[in-house]
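I have a structure here, written as structure tokens, and I will follow up with some questions on it.
Letters are used for the chains, namely A, B, C, D and E, taken in the order the chains are written, and counting of residues starts over at 1 for each.
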Amino acid sequence: MMQEEAYVRESTIQESTIQGNTIRKNIIQENARQWKGFLAHNINLDIRRYERNLKRFNRGGLFLFTFFLILALLPVLFAPYSPTERFMPYEAPSTAHLLGTNDIGNDILSELVYGARISMMVGFASACISTLIGLMIGLFSGYFRGTLDELLMGFTDVVLIIPKIPLIIILGAFLRPSIWTLILVLGLLSWESIARVVRSKTLQIREAGYVKSARCMGFSSVHIMASDIFPNLFHVLLPKFMLATASAMISEASLSFLGLGDISMKSWGIMLSFAFSRGGFIRDMWWWYLPPGICITLCVMSIALIGFGFEGKEKENGKRGVDAE
Amino acid sequence: MNILLEIKDLNVSFQGNETENKNENKSENKKEIKNETKKENETGTVTAVSCLSISIREKETLALVGETGCGKSVVAHAIMRLLPPESRVRGTIEFGGKNLLGLREKEMAKLRGKEISIIFQNPSLALNPVYSIGNQLAEPLRIHGQEKGKGKEKKKTEALSKVAGALKRVGFSNPHEYMGYYPSWCSGGMNQRFLIAASTILDPVLLIADEPSKGLDRDRVSELENEFKGLKEKSETALLLISHDLGFVRRLADRVAVMYAGEIVEIADTSSLFESPRHPYTRGLLNSLPERGFVPIPGLSPPLSSPPAGCRFHPRCNVKEKRCMQEHPKLKESNGRAVRCFLCP
Amino acid sequence: MKHEIKQPIRQGLKRELRQGLKKVEGGSKHGLALTVLILMLVSNMLPAGAEGAGAAGESLQMSKSELSDTIILYMKILYLGEEGELPEAEFLTGAAAAYLEQAAESDGSVLKIATPNVIKSASFIGDSNLGVFAHLSNPPLMKMDADGHLVGQLAESYEVSENNTQWTFYLKDDLYWSDGKKVTPKDIEFSIRYYGEKTPWARWINDTLESSAVSDADNSVTFKFNKPYTRINLEFATYDILPAHVWESIENPMEYLNEGPYVGCGPYYLKQIDLNAGKLVFEKNPYWKGKAPAFGSVEVHFYSNVDVATLALENGDADTYYKYAGSYPYPNIEQLEKTGDFDFLEKTNIGLVFLAPNLKKAPLSDLEFREALSYAVNYEEIVRLETLGYGDVPNHGFVPPSMEAFKETEKLEYSPEKARKILENAGYSDSNGNGILEGKDGKDIELEILIRPDYARTGELLKEYLEQVGIAANLRTVDADTWITMKDSYAYDLTVTRSTPWGMLMHASWGSGYFDSRRTGQGVMHNVEDPKFLQLCDEALATTDPAELEACAHELQDYYAEELPAIPLYWNNVVTPFNREFEGWYADPLYGIYNLDNFLNVHGI
Amino acid sequence: MSLKAENLSKIYGSGLLGGGKCIFRDVSFELEPGKTFGLMGPSGEGKSTLGRIIAGLESPTAGAIHFKGSPLSGMKKAEYATFRRRVQMMFQDPTDAFNPGKRIEHSVSEVLKLLDTPGTERIRRTKEMLKTTGLPEEVLARYPAQLSGGQLQRLALGRILLLEPEYIVLDEPTSALDVSVQAQILHLLKKVQDEQGIGYLLISHDEAVVRFMSDSLGMLENGKLDVIEA
Amino acid sequence: MREGLKKVVRYAASFFLIVTLNFALPRLMPGDPVKNLIGEDVYVSEGVMEELRAGMGLDRPLYEQFTAYIGDLLRLDLGYSYHLHSPVADILRDRIGWTLLFVGVSVLLGTALGTLLGAYAGWKPETKANRLACCGFITLSCTPPYFLALLCLEIFAFKLGLFPFKGFYDVPTPGSIAHHMFLPVTVMALFSASRNFLIMRGSVIQEKGQLYALYARAKGLYDTSILFRHVIKNASLPIITLLALDFGFLFSGALFTEIVFSLNGMGTLIYDAIIGKDYPVLQGSFLVIALAVLLANMLADLLYEVADPRVRRPA
């Protein structure tokens, strides 16, 4: 019994920490909780309301994100020049070069457009790694419980405590600055919170009637995890994935600033670090150092907003039926 | 006996797109009203309670009975004005000569907890987990400033003794020990009693109990019954009992109102209702009780968003006639009983 | 803040005074002199109040009481007709003006230097950056003059024995420590031996110094080594001389942390190392007998971010900028010019940026290939992009013209056609038609260019140039430490690096230290095993005779031009911005503006 | 042919550290096909735990369960698979009995797939199941959230019936339902039992329900089971 | 009891892992530390190099180095920095004070600001001001810290000339320190606040829907008094956990801020140590930060137990 309670407490604390992150737009004020059943019975008003608000809230994020995604996928459409083509260096914005040129005469706008792909790739690739690890650890830990859970979660807690950025910096310095090692390092060091959320959600779902009856009916553990638990984790996973992407992008930019990035891959972070190290900042060339910074912020924000939105949505996933109609 | 609370034509509806309208409302007031009515029809508005009229007399126990989702809790929250902002409440709720629905929030706050109190169905959640029982029991005293013009210390000791008294009243022999407890340390039954003590500490004129027996097992329910009986004996409080548990209601209530699909279908004295139910729904409900052999009513309750035309019960009624399907029956009163059925005298 | 407000007032005051003195003739001179004296008193008190404790006041040559005595004396003579030796008014006003200037500057006017060379610990001996800054307070024996010749600094002169093992330095007579003691040859002997014993980088002294002798009679110190050394005069231009009576008792100077003050014998002494405020404070050495410096104190402000340092300069928080072996960032010059407060001192750097091929690996072991490579690089573009015009296309001879014994060799030329032709003639051709030349082994030539982040842009350009002549190139960016490991194990085809002034001078000088395969070191390529080159080095190392040295230098430069052990990419200038209100700036090739003469010369306009 | 529980005990939290808490001790009873054994007792006394042990979802600390004469713990894989299919459990809360992300149709056909039922057969059996439980066909296209508690509980029962179980553990099958729906479900259960001869273990805190349904009943109190023949 | 023991085991494991990581990581880095020690352009014979290497203990087998390391740790000897020429423990003691002051003040300010604004924003999420605040804090939390620091520096120190560029002070007086610390503390506090704001806002939105909040209203409380009397205490519980985890985050944030503002604290220390491959300092500072975070977590655990009666249920 005590064991159970410990789980519950842990998961509530963890949950609230993580869900606290959520920015939910005015979900139905929850004194409706009591007649939630009543409302659900009739029509899922709260969901529709919520959906609408969510959409409104996310529309901006989704729009921005799509924009950046298109930039990343089809830079040719937007970049006026090749990012390696050289013109006069240090030129101010003009009609020929909307954002001017940098220290070796590359068109900054083109560089910016091509940078989207690399920045977002770092974010998504490392988020994929961390999400995958987090999912596996959380799922197994939550589903099988017992000693495995103790060990895995103990390990997770230990990793959680280690300060990340210094470790990433040390590792970044140790491994040679290549974009792949960066992705690997970022991915390998940010799965713990995902694992914890997945675990607590798994614990919760595991006790749901449909999982219990599935076990009762003789479905295999793999089938249950894949077919009953995973789809319902998706809603916790997606926001986590998005937030992991966002934080990986920030970390990449920060490491680039410290000179630990991969210079041959011109991400926004690298652009920024060049803008600072090659006089863009001091020459007051705001058209050089502001755009990559703003792009990082906006892109991270769009991803985070979508993540927050999904996180809110997750709350209501019990009633997902309606929005699927 | 005087009428304490009178509800007339209460309509409560919930709407889907409230907040968005609200923001736009401010700019274009007149236009919006038109739009709103239009929208109401388009986006399925749920009328949780329609045309509900009921009155509670002083010291009386009135029970509101019905199945899950029939809108009985909405009535309780409407009286307390605790409904979420997106609900639309029409009608009048008269209490002590004032229309509660017309009061400002500040004035309403003064009534809450002092004149009208409520007990929620889930006591462990209704108590704040991070404050001690004593603290939470004393809170109504603090809010409603019972002892004006006295020293702080004195106030405190007085509050303490009051809290102790209240706890004793609900059956705790050593109240001072329990005052330091937290809700999470206590069982649901104990929390239920704490909640009752907190809600009755200022001797409200009206106590609303919202599904107090839900989720309790047999022993606890009888404990609770004793609690309420004691309360009725010791104080002047009128009780609005909202429950789906017919046995529980039968033992406590003076009068019973039965709700179905957002409407009252029958009001009667407890004894006459249980002995000779008139409305077919009431009859069906009583028949599905264990002691009558679990005879079920066929079919399902209709969704409130699209109640059937005519009598709302007609799809499940075994004595229905043609007009039941077309006309909506009115609540007819006779001999202190009221029934919403064409077929009943 | 207070200083900044007062500074202009005080300067204005000075200017008026000077003009006033010129105009006023005859009788009114006395009155004016009095006014000056009173002003002196007032101005003396103002900053004292501002400084609070009045620490600055102590270093004044004339104290307040002395000043007021003079005023009283003056008044008596003037108005009471009292007999007395009336000081000559003309002389007095002159002295007063000078005094006023000094008084004002000794507490208020500070020379502020911004630098990105951050002092990391308050260890006088241990911190390498501090070692450079301490030249001001503890000057080395020798220095390099503007032409790159080594001359005495604390030493009046020196001589070296026939076999180059015995060096004698004759000390200047008028040197005093800031605690009043005289600088003796023993201090020099102590310092040199002390470094040899206590610091790892000067261990060679300990290992080879046979004996040393001090002669108080001719104020000299003699060092005898167990093997010939010809470049001691250069070495001794880097070791800060320490007061024996202070440091004797310090067992472990590397670990000796002290925020100051430190006893020094230069025009200033190091008063404080304040790491938390990020500055060094040098205060005037009261016992300095040489030319009086114009500033009461010199402050070195260090910034961990170059941009912030330059911003500080633009904002007028500092008067000049210093970076060891480096220039003010070229891109930032334009911005600083706009403020109108700064002038720039330009001096050709004796260090340079070069492309080092891996001579142990084909195809770069092939001289013809290297030659072709030297034609493939667009030097003018690199100079334009990397130095923004503050540099030159280099010669084949590697050594920049600012170095002693420079020999004019052929300028490097950009000609992709020539490069291609040479490659073709040498047997590198694109037989499979994929646009990439094949090496002698028949495989495509794909060069790995190893770069540190500092040369990222240069690397990008090089890659392009190589591709233009049909050579595939990969950029591999590594951090400085990895770079060292990789270049030491010759795990590269090409790499971009730079030489520092000191690096150009070390070993047999003229950059030979970078190539001699017998050497090791952080920035050293040690890639030339050619006996001809090694012999040249040995010859240069065996002589102190200027003529012989020059001959060696010319031969070395010819060797570079012919064998291309490295392809210089650009010669750059060291640009130092300085506040227009000061003049007399001067930079030496070794330490730039951070030399004693400069600090003695610079003064307000 | 029976499901027998012998001397079951369950102790929680008996690990390396701490002593643990005894839920019940030496509980024995037997389920017979076509009969209902009612299990009553105050909440928190481990009725549900006992139910889960009988259904094989948890293992007892001591004691054994015999299915058709062979003990559960010593079963081979194939044997266990039959047990797994023949003994089912129905839970208290109908609202989470189905995966909220899948349509009812999907959840049902998944079970049939598990049984390797061919496609045409599946449709027939689904329809048959709906008929037995008295539900319209349109519920198949719905998501669980769109159905009422009564409907879901019927479906839950229906889904279990697809497996053709011999015993069903009913864990508070009606306590989350309204009285009128409760009556419906109880009648349905009885009907199914009569038709298919299934043995029930009915766990409920409501004495009236237990007495209404059971052939024999037991009271689990203070960790002990008192069997009272009805 | 069981829980407590588990926690102790967990913390001990964390400690061990940190120590091991700490030992292993710097040693894995490429580059010869001895060469770094001597400095560029200096010629030193191989013999001297070996001697120095032996002095640093780097030629011994790893396990020997490890046991020696653990032994030193137990004596609170964190090694000796050849770059900074003093025992690492001394350097850390010297630097950590400033960083603690800097981080501490920022955390306090940030938490206070973020929590209060967040609580209010969560209580009335629909008002314009709160939406604006929300957008602002989201933007902040999505900006790389160094970018914001540099922008602040450019605008407030350079363009407006309101604040100095570097250092903790000019003269060590409280006024000067406050003047110098204003910008870096503001930047850090904003970051801390942005995190706390979002958490608190979400937490309040969640908590205000709880039944006890409704019951508080039913008792006669209204509007913000419900927030302050009932909701805020519940909602701020997650902040406690966050604060502990934040501690590590802020240390890292401090790194960037310190570099930008040329502050002589732990951040620059670590940065320099990475650049210079100063193993002992790296080990020492990583250990200190990790231990600080560990300690903060333990403290949070304890605090949680005090603050949340659900956790400290009597047996």
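We take it that contacts are C-beta pairs under 8 Å (C-beta built on N, C-alpha and C of every residue); 3 or more make two chains touch, one makes a residue touch a chain.
The model shown is predicted, which means the values in this text are computed figures rather than measured ones.
A.B. asks: Which chains make contact with chain D and with chain E at once?
C.D. replies: Touching chain D as well as chain E, we find A, B.
A.B. asks: Could you tell me which chain lies farthest from chain A when each chain's centre is the average position of its Cα atoms?
C.D. replies: It is C whose centre lies farthest from that of chain A.
A.B. asks: As a test of understanding: of all chains, whose mean C-alpha position lies farthest from that of chain D?
C.D. replies: When every chain centre is compared against chain D, the largest gap points to C.
A.B. asks: Find the geometric centre of each of chain C and chain E from their Cα atoms only, then give the gap between the two centres in Å, rounded to an integer.
C.D. replies: From the centre of chain C to the centre of chain E is 39 Å.
A.B. asks: State, to the nearest whole Å, the distance from the C-alpha centre of chain B to the C-alpha centre of chain E.
C.D. replies: Chain B and chain E have C-alpha centres separated by 52 Å.
A.B. asks: How many angstrom lie between the CA centroids of chain A and chain B, rounded to a whole number?
C.D. replies: Their C-alpha centroids are separated by 45 Å.
A.B. asks: Taking each chain's centre as its mean C-alpha position, how far apart are chain C and chain D in Å?
C.D. replies: Each chain reduced to its C-alpha mean, chain C and chain D end up 88 Å apart.
A.B. asks: Mark out which residues of chain E touch at least two other chains, giving numbers and ranges.
C.D. replies: Within chain E, residues 2, 29-30, 126, 150, 154, 210-211, 214, 237, 259, 271, 310 contact more than one other chain.
A.B. asks: Scan chain A for residues touching two or more other chains and write them down.
C.D. replies: 2-3, 26, 29, 31, 34, 41, 173, 276, 281
A.B. asks: Give the residues of chain B that touch two or more other chains, as numbers and ranges in rising order.
C.D. replies: 19, 68, 82, 120, 122, 301
A.B. asks: What residues on chain A touch chain D, complex-wise?
C.D. replies: The contact residues of chain A facing chain D are 1-4, 40-41, 44, 208-210, 212-213, 215-219, 227-228, 231-232, 317-322, 324-325.
A.B. asks: Using the touch definition from the top, list the residues of chain A that touch chain E in their complex.
C.D. replies: Against chain E, chain A makes touches at 2-3, 6, 9, 13, 16-17, 19-27, 29-31, 33-34, 150, 154, 157-167, 169-171, 173-174, 246, 250, 253-254, 257-258, 269, 272, 276, 281, 293, 296-298, 300-301, 304-305.
A.B. asks: Sort out for me which residues of chain D touch chain B in the complex.
C.D. replies: 42-43, 148-151, 178-184, 186-187, 205-209, 211-212
A.B. asks: Quick check: in the complex, which residue numbers of chain C touch chain A?
C.D. replies: 306-307, 310-311, 314, 329-332, 334-335, 384-385, 388, 453, 456-457, 460-461, 464, 475, 477-479, 482
A.B. asks: Name, in rising order, each residue of chain E that touches chain C in their complex.
C.D. replies: 29-32, 35-44, 46, 48, 52, 83-86, 91, 98, 150, 153-154, 157-158, 161, 164-172, 258-262, 264, 268, 271-272, 275, 277
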